[in-house]
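When the chains are written out, they are named A, B, C, D and E in that same order, and each has its own residue count from 1.
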Amino acid sequence: MTAIDYLQFVLAPQVVNGLALGVAVVLVALGLTIIFGMLDVINMSHGEFYAIGAYAALALAAAGVGFWFLLVLVPVLMIPLGMAAERLLIRPVFGSKDRHVTTLLVTFGLGLIVEDVLKIIFGANTQRPPTPIPGASEMFGIILPNYRLFLILVGAAIVLGVAYVVYRTRLGAMVRAAAFDRNMAASLGVPVSLVYAGTFAFGVGLAGLAGVLLAPIYSVFPTMGRDFILLAFTVVIVGGMGSIWGAVVAGLLLTQVQALASLVISPVWTDPIVFGTMVAFLVFRPQGLFGRLGHA
Amino acid sequence: MLQISALHSHYGLSHVIQGIDIEAAPGEVIGIFGRNGVGKTTLLKTIAGWVKPSQGAIRLGGEALDGLTPDRICHAGVGFVPEDRRIFPGLTVEENLSLGLLQVKGRSSRDEKRVVEGIYDRFHRLGERRHQLGTTLSGGEQQMLAMARVMVGKPRLVLIDEPSEGLAPMIVAEIFAIVRELREQGAIILLVEQNIHEALSVADRFHVVERGQIVFSGEAENAGDRERLLKLIAV
Amino acid sequence: MTSAIIKTLIGGLLAATALSGGAFAQSGPIKIGVVTPLSGTYTPIGQQVRWGLELAAKEINAAGGVAGRQVALVFEDEEANPAVAVQKAEKLFQVEKVDFLTGTVNSGSTLAVAQLAERNNKLAATTVSFADSITGDKCSPNMFRVNARAEQQSVALAAWLAKEKPKAKVYYLGPDYEMGRSTVAAFKSSAEKTGSATGGEVFAPLDSKDYTQYFGQIRATRPQVLYTSVAGNDTVRLLTQLQDFGLLSGLTVVGASGTVTSQNITAIGAAAEGFATGVGYSPQIDRPENKKFVEAFRAANKADPDLYGADSYGLLFAYKAAVEKAGSTETDKVREALRGLTWQTPQGAKTIRAGDHQAMQPMYVVRVTKGKFDIIDNVAAENAIGPDACTRF
Amino acid sequence: MHDRLTQSMRASHLLALLFVLASLGLAAIGAVTGDTFYLRLGTEALIFAGLALSVDLLLGYSGALSLGQALYFGIGAYVSALTLMKVPSFWLAMAAAFAASLLAAIIGGLIANRVRGVYFALITFGLAQVFAKVVYNTRELGASDGMIGIPVIEIGFGPFSVSAGSPVGFFLVVLSIIMGLYALTAYLLDTPFGRVLTALKANEKRVPFLGYSVWRARMAAYVLAGLIAGLSGALYPMLRGFVSPELMFFATSGNAVISVILGGVGTLIGAIYGSVLLVILKSIIGSWTEHHLIVIGALFMVCVMFLPKGLIGFVRPRIEALLMRRPQAGPALAEPARLTPAALKSGSAS
Amino acid sequence: MTPVLDIRDLGIAFGGLKAVDQVSFQAQRHRITTVIGPNGAGKSTLFNLISGALRPHRGQVMIDGVDMTGAAPERTKAAGLSRSFQITSLFPDLTVAENLRLAAQVLEPAGRAFLPIRRSQRAMAKTDQMLERFQLVHKRDELAGNLSHGDQRRLEIAVCLASEPKILLLDEPTQGMSHGDTADTAKLVRSLTQDVTVLLIEHDIGLVMSLSDHVVVMHQGRKLAEGAPDIVRADPAVQAAYFGHH
């Protein structure tokens, strides 16, 4: 293989495809990092909320709802679900001494249940909604399916949108303030417990949105929640808990590491590498690349 | 009108506030003095709702505040400038200020803008640094920001805890000028301060707290009361 | 006092099971244990196994049973975990006193259950696992296999490929675990024997999210044929991603029998078009027995049978034939009867090779056309079976 | 006079005794009826109880949630399997598993003990996950198929010997080993060394100011837990004759955590009861519906939220109260009346 | 005779803020040395530097003539220094007796670490002695978390003393106590000097004056003055620090 061939057929597509995967990972990690940064809750059922989003999209599409409408409808439907989960499961144990561990355990139990319920409702077989935007485009000999191109753009738009809300609006300032200093924020009039529930629901809604967007590429099945979760946790830790930019940088970086590493070593070892990175960060830089949003 | 009667509160197991009564009218500045650890800060925290009172009543203009959450207390017209200023680290000066606006509901964004611009006019240094992170300001500027953050909400009662702590004398004077402005707006001010001399220059009346109880109350202008005060907290 | 209660409880429990298991074993129904994944990733396969066995049992019972005794199936969920499979299998052997056991899907479970069957002196069979080792170097005198193993599939597929695309350059993409590596190795050796060239090979981790990272290498190699042995959700992703990236045009995709099945073919959609594989079964097999079977299966389960369903269905008839030939359900006698047994299944006659307990069967090459598998070629049983590598018995 | 920890350990011991008696009863009935399955299922439950015990030692005493304890269980199982296939000696296999899990736990501890809380949970989760993947892909270890063909061994105890194939015999061997591990752990917790571990959970920040190194205490707890998991794992291939990478998967670690939560965190014996309970539950629910995840998940959540000390945590204070009343009934009548509420509170509070 | 605790030129800065700056003083054997100063003067930080909770950026901490600068808390503890905390830091899930025994078991030889706790006779005896001395006998089996605040503060001191230290650092031992409890505690602290050297942080000036042998005044991280109580009290700089600048 000539060097040009290698560049065109191997290296460049690898980078571009890694980017698409990176966007997918960032989408899943986004809600996770916001919930973690804000509430200090490790949501072990985040993957299952992602699955719920995908299944909801599948079911609603079957009922005739168009894809574009789903992009709005599913996250909106997820919000009350997230609110209810926060109220019923997180809040009762939120005040306990071992909040980290108890919330982790409770959401772990929730994940088990959701996975099984999805199987009961939708069956065990893999399903896949049709690709909303078919076809592929070629640039400089790199082929990229249009939907992936769309995903990269929409992913970027979502990240920017979320970042705008969090970093540029009064609402975002309220959320960040409540994360940093619950009491002080409340004394300035921030309705803290509503903000907490809202943030959890927002994270859940983002997971659902990721489900809608990724279902056509990664297909839908009851155990799909476990798919991205380890990678997403890694992204959250490496990027810095609660940091949106951290999640973006870490998500894109780690998927590139994974993509490029798989060129030189057996792909199976890419998992240990990614994981090793997470361990290394936890040990040597536990605040991650960008520090954290707050410490509620 | 602020009425605090027979207030008790606990911090963990320790019985910090052991029956305190305070009354104040609009435009009054009340100094709260006493040595460290006697419960002055806890008193303010109890009024602000950070610590739940275990007994007693807090009423502001006839409205009961005791037992409410801090955000409800804020909306009832209480502003709190706590010790250490508590500027949100990840927020810009402007964002810190904008949170103060939450206290007044239903203000148009144009009004809000005017209020904020008014603050920048009054505190040029905040205006210059409006897009910087609040925590990058100097101690004095942070104290100004913390007070401005409360000012924009037009509170009826302002709780201020140790505003001059760690600040240079010139800035302390500025801080107390702000306290006077707040008073002129008609707010009731409860001022906890170690810098007795400065505090007495703005206060109308004062209370001395010891082990969670008021042991002496006096007028700031009354020389005898002042002498008694100095004796009580003298080294 | 509490311990006394516990003792009584456990005692009662044990006594009850001992009674139900032991006393009526010879006169009651013949019990067949099915340890199959009913939860987890392999659930769809377990479902086919269950449907196939249930249909066969219904038919056999309606026709008077096995040697006059009814057949009863006892199901247990093995969660696709060998540790659970062994526990459940032991329950079936020891408590339910089943006469025969089947249903395991992943080869780890099958191998572990084979060993358990030996230690319990019972017989078991797999209708799904296709790792060569099960009837090869890890063969067991107590384990039989009625489905086609990897090598049979590769031989059939390679023979077809040599005709269809002579001397093609083949690229291999397998899941990176034991099964994936052995299927790729098996097909590679078959294909190289029939003249194909190897363009390259890559192994992707199980449950890969994205296969696009391998597409660069595939494009650079410019193969005519892609062989893959990924399964389940992984196939859905691989094939649809290949399609999305426009790699399917001009590329013949072939693979293992478990790669595209009735469980994932709908999800794969158009990307499955043209996929060819070597199998021991297809609903399209044009035999009256098969037509009847497919109809009955559809009527019962509202789904088409696939190779797992059909092979599981066929197994019960092998067992029936063996028990009736042996005149007993005793392990040694049934084992002897199964060895060399020829019996009829929907896909035709199968014969169990005595040397390694592997069923010999005609092999088919099927290709997806318009979302259905069409039979496009076949290989006689004896040409596909390959050497007997079992040395234990 | 006994202090409260000794007192609650005594309540645990009573429950342990009850457990052993019930087990012996089961063994006796099993021997009489010629049962194999229930005894071997019980043996397996006991082996996994060892794993749960190690999770409880970490979670209940040093306050660290390990989501990857199956790592050491798996290492013990694989090393034992490899040894047995070379030399079918029980003692050699146990020694090898001991050495391997000791080494692995020291390495794992050096990594995991750099962090705390939820980070510790994530690191242990990841360590096990990565290691399991490596095993899953290592042909020499049987890769995804695992390894079969581990011989049924004779376990020699001086002049006697027990076959691992004998349901009753091996059940009793495993019972004594697991209860031995329980006793050893309980003993260690009742020593000055163990009290430092207990202090870690209660208030880690204060520990160094009493003169103890937190890091050393955490390492000791971690390595001890790794050893218990490893030794329990070593018994698995003797019972089942094979090992597979699933033994190291998250499902195995997760089950151990569920067992501990069910039984009661920080009670030791709760881990053992919880493990047996989980096996019984799974067995019952499993034959009734394949949707066991819902039931287990819901039960687990209920326990975390409403029964934070689990079933034993619910029962034990009552036993403690009984134990306290009895020895002091004579001379000091006033004493128990005052102590009982405190003892009761200790179980349900915190 | 070397001072039992010798602080030399100690300093630490957080960011730009010099929390403790060039502080030097000595604590004499069996005496009570009290550190006073307004809020934020750096008193608790000073305790953290001495006890090893923080590593100083400059200066030295000598315990009994041995340099223990920057040693971890368990090492300063081994060198004979024991400290209490401003916010009570006990083991709330353990009983009073267990809290004490945990502290006292350092007295046992290392070999006893793996013998049953009952065999740690010295620790057991010490526990009983502490219960007696701090009037906690009737509370021995209550959970520390359930004690009244005053009892918790007393237990906090008892725990520090149970390991038979040479130096005791008490951070506001009377914080949050009632008048009566405060007087009792003062008496108690006075009595401790038979065995140990006490370094105290205290706000109750009356208490400081009556209790201390030596007073160190801190202000904005620096040592403002030191000396006998009444001499310090008369110092105008100290007055200014307390009342603000004129």
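Simple rule for what comes next: contacts are C-beta pairs under 8 Å (C-beta built on N, C-alpha and C of every residue); 3 or more make two chains touch, one makes a residue touch a chain.
Values in this document were obtained by computation on a predicted structure and should not be read as measured data.
Think of each touching pair as a link: the shortest run of links from chain B to chain D has 2 of them.
Common partners of chain B and chain E, by the touch rule above, are absent.
With every chain reduced to the mean of its CA atoms, the largest distance from chain E is reached by C.
Between the Cα centres of chain A and chain E there is a gap of 49 Å. One simple way to say how far apart two chains are is to compare their mean CA positions; for chain C and chain D this gives 37 Å. Centre-to-centre separation of chain A and chain B, using mean CA positions: 42 Å. Computed from the mean C-alpha positions, the centre of chain C lies at a distance of 74 Å from the centre of chain E.
In chain E, no residue reaches two or more other chains under the touch definition. For chain C, the set of residues that touch two or more other chains comprises 39, 176, 205.
Inter-chain contacts occur between A-B, A-C, A-D, B-E, C-D, D-E.
Per the touch definition, chain D reaches chain A in the complex via residues 59, 63, 65, 111, 114-115, 117-119, 121-123, 126-127, 129-130, 133-134, 137, 254, 257, 261, 291-294, 296-298, 300-301, 304-305, 308, 350. The touching residues of chain C, counted against chain D in their complex, run 2-3, 6-7, 10-11, 13-15, 17-18, 38-39, 76-77, 79, 81-83, 86-88, 90-91, 93-95, 106-108, 111-112, 114-116, 119, 131, 133, 138, 176-179, 181, 205-206. Residue ranges of chain B in contact with chain E, taken from their complex: 11-16, 35-38, 83, 162, 164-166, 169, 172, 193-199, 211, 230, 233-235. Listed in rising order, the residues of chain E touching chain D in the complex are 51-53, 72-74, 77-78, 82-83, 85, 89-95, 97-98, 101-103, 105-106, 108, 112-118, 120, 123, 141-143, 145-146, 159, 163. Residue ranges of chain C in contact with chain A, taken from their complex: 39-41, 43-44, 47, 176, 202-205, 207-210, 212-217, 219-220, 232-233, 236-237, 240-241, 244-247, 263-264, 266-269.
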